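A short worksheet on the structure shown next.
The first chain written gets the first letter, and so on, giving A, B, C and D; residue counts start at 1 in each chain.
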Amino acid sequence: MYTTLQDECYEANMQLPKLGLVLFTFGNVSAVDRGRGVFAIKPSGVPYALLKPSDMVICDYEARVVAGTLRPSSDTKTHALLYKTWSDIGGITHTHSTYAVAWAQAGLDIPLFGTTHADHTHHDIPCAPVLTDAMIQGDYEHETGNQIINAFRDKSLSHKEVEMVLLQNHGPFTWGDTAEKSVYNAAVLEEIARMAHLTLQLNADTQRLKDTLCQKHYQRKHGTDAYYGQGC
Amino acid sequence: MYTTLQDECYEANMQLPKLGLVLFTFGNVSAVDRGRGVFAIKPSGVPYALLKPSDMVICDYEARVVAGTLRPSSDTKTHALLYKTWSDIGGITHTHSTYAVAWAQAGLDIPLFGTTHADHTHHDIPCAPVLTDAMIQGDYEHETGNQIINAFRDKSLSHKEVEMVLLQNHGPFTWGDTAEKSVYNAAVLEEIARMAHLTLQLNADTQRLKDTLCQKHYQRKHGTDAYYGQGC
Amino acid sequence: MYTTLQDECYEANMQLPKLGLVLFTFGNVSAVDRGRGVFAIKPSGVPYALLKPSDMVICDYEARVVAGTLRPSSDTKTHALLYKTWSDIGGITHTHSTYAVAWAQAGLDIPLFGTTHADHTHHDIPCAPVLTDAMIQGDYEHETGNQIINAFRDKSLSHKEVEMVLLQNHGPFTWGDTAEKSVYNAAVLEEIARMAHLTLQLNADTQRLKDTLCQKHYQRKHGTDAYYGQGC
Amino acid sequence: MYTTLQDECYEANMQLPKLGLVLFTFGNVSAVDRGRGVFAIKPSGVPYALLKPSDMVICDYEARVVAGTLRPSSDTKTHALLYKTWSDIGGITHTHSTYAVAWAQAGLDIPLFGTTHADHTHHDIPCAPVLTDAMIQGDYEHETGNQIINAFRDKSLSHKEVEMVLLQNHGPFTWGDTAEKSVYNAAVLEEIARMAHLTLQLNADTQRLKDTLCQKHYQRKHGTDAYYGQGC
């Protein structure tokens, strides 16, 4: 029934340990099938080495299990709300990768310091504020999704131009056109976070990259006249 | 005679180099058999690559060798006292993992800065003070166990809610329901220690995670209504 | 036609992920054939695992594609200008390696603190200033080459004595007699950058290595009476 | 003729890349045959992947080549003087490992902060001062050996109790009863250097480990009543 979607989801999840982004059962990736209005997601608390494609749980945008025998990731409601709200994303990744978590725990946006960052977005990586007590004690994982969406609205950011966010005191969520792309963004975010951390240690007064260079690097890869890559 | 216990102990020890937690002969894991009142522990000073299951030494709660031809870990008396005092733990791990040792050498508790930490315990990771000269010159490894137990009593901590400790100027001890779980906790502690270190470098005034979120993450994984994992 | 050159270029590119200097499609290496006046370079945006020697694109010193079906690296014009200007270099490497990028983002030259650095050059590693807006909005990648060449001219540095540079807010470029040597220099630069970073964390007032020792280490490896290596 | 000695030297050298202590051709290990008054050492500038046991060069205590077709390490005179002066050491290792070099570049002794350090020596790791200009411009590598020996004499340290040293602005030398033990010490030194660096970042006022605990850990492993290891 959902074999192709489960395969895509499984392959993307298995990239997380290979890229050094997760320990034990930490992290999860989902992949959506827009035509059928469902997404596949990693089951909760299963080690990567034991995962099989058929273990991927199928859910709808209300986070209800549609198919699968295992319990889905405890973060499923966050994925569901992001898919429901941002109808043009194809995959979502959540990790507790070390440097991204450090920035989230410090409660700071990651400043745009160089072209590695600008190649992927021309904005700082936003850190959404910690949830209110009411949100935490309410429908927590659903509210986590709301907090991400609210942060993008409050900062007037486009989720197509910034495919990554930190959630204060928690860690990163990334997304993209496909599950694989969301994993790619998770790895890029971790590297950007590490570079920015080291930069501030060398020079605490480092200035943000000037806008002309931000735009140049972002547009040569993502603009209408992009010339990075093979154009396919 | 003790084959199953030795196998469990051996498998858990062999995880330490795979997880990057030990160098050469550093570190040791033990596994207890509560029915027989004995535990198996790594022999002293043997490289991991040369270990065999039958090398695991069997000791009782007074740290006396019951079976085995090799000398047990020099830290055996610490393990013995913890098993004797905390009758509901099943395995113990000691490492000199880098970031946990750095916190121990700095003599600081690891503050609870985020959900990665709260997923495992809702308390700071305690750093038990360095032993007194009398303790060091007395029955040192036995007193090391006492120092850990005293720290938990003095801080009113439950060893079931906090399965990890730093010993000042030395390094971490972790435990759990099984030897494997104690190794898992050793790896999680090292990662929490690293994240907290990086967090303070980014923002020296980082505040502890607020209690509602601590409780939420701890309870969703460990509470009576836990919904993390597969419930088995 | 260009098989030997493509093989050399391919082999050098494939060293980058092995040496931990690149993530995904980041980075590129080129190799020049001085007799024919062309160089081979990595195609743009292709993952290393998918590269084949025949994918290497052949370009001339004006960055025009001479042979190959793929689009060359977006940094091709920078390589072309360096080959055109510095007629005695044989290969060029560009990476976004972590510590070199951190120094570039901080906008700082890497000070010569020890013999690891002096073994490779007796100068600080220069950080060429960020491009002007006119350069960025003009022929950006060509101007990137100009900025490197200008920095060497302004600082009276020889590109034979200093085979590496940082470009502010961007990252490192390295070169050498061969493509392989340029990759070697990229790895050495990353290690020098990491050592210098750690040195300043330990002692913010660390002084530059004294000149007698700079000269000794550089000359024993690169001088007319060099005695490092096998002399072949 | 020297096959056993060359094999011992080769095996010890090949541990360096496996332990992550060297890049490319950096570093060298030697092994001595006290009966014959010669030592085997890595040839200069040969990558580890290309080394063969028969490449190890045989030298006497005056650093003269006794057997072998390749040029010996450029650091051979340093090894020779240490063997000549300290007649009870069996092997020597020199690396440019990252954290040890950082301490050497910062010109600082590594303070004894914990039991990981005390398990190996009960002294700070000394940093021998940078050579004078006369020493550098004279017989440099021989004087490097003198500087190490002088530092031990000036600080009243025993080379049997402290089997490691930093040379300011350069890097670490370690030794031991065998070549293999000297490599072991090189890896331990790198780990101690990293732990001490992280400790100071967490608490710049960290105090040195108290002497009772230094002695306890050193003696339980190295004293006359040592009980660490299998006593063989």
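The definition used in the following text is that a residue touches a chain if its C-beta (ideal position, glycine included) is under 8 Å from a C-beta of that chain, and two chains touch if they have at least 3 such contacts.
By chain, with names taken from UniProt: A, B, C, D = L-ribulose-5-phosphate 4-epimerase.
All figures in this text were calculated on a predicted structure; none of them were measured in a lab.
Asks: How short can a chain-to-chain path be from chain A to chain C, counted in steps between touching chains?
Replies: 1
Asks: Could you work out how far chain B has to rotate to sit on chain D, using CA atoms and steps of 5 degrees?
Replies: My answer is 90 degrees for the C-alpha fit.
Asks: Under the over-half criterion for shared residue numbers, do copies chain A and chain B use the same patch or different patches to meet?
Replies: Looking at both copies, the contact residues mostly diverge.
Asks: Could you state the distance in Å from the CA-based centre of chain C to that of chain D?
Replies: Computed from C-alpha means, the inter-chain centre distance equals 33 Å.
Asks: In angstrom, rounded to a whole number, how far apart do the mean CA points of chain A and chain D lie?
Replies: Measuring from centre to centre gives 46 Å for this pair.
Asks: Going by the touch rule set out above, which residues of chain A reach two or more other chains?
Replies: Where chain A meets two or more other chains at a single residue, that happens at 201.
Asks: Can the chain contact pattern be summarised as a line, a ring, a star, a complete graph, or none of these (other)?
Replies: Topology of touching chains reads as a ring, each chain with two neighbours.
Asks: Got a list of which chains touch which?
Replies: Touch list across chains, by label: A-B, A-C, B-D, C-D.
Asks: What does chain C use to touch chain D in their complex?
Replies: 113-116, 184, 187-188, 191, 194-196, 198-199, 201-203, 206, 209-210, 212-213, 216, 220-221, 227-231
Asks: Contact residues on chain A for chain B in the complex?
Replies: Within the complex, chain A contacts chain B at residues 23-26, 43-46, 70-71, 74, 96, 98-99, 101-108, 130-131, 133, 136-137, 140, 169-171, 197, 200-201.
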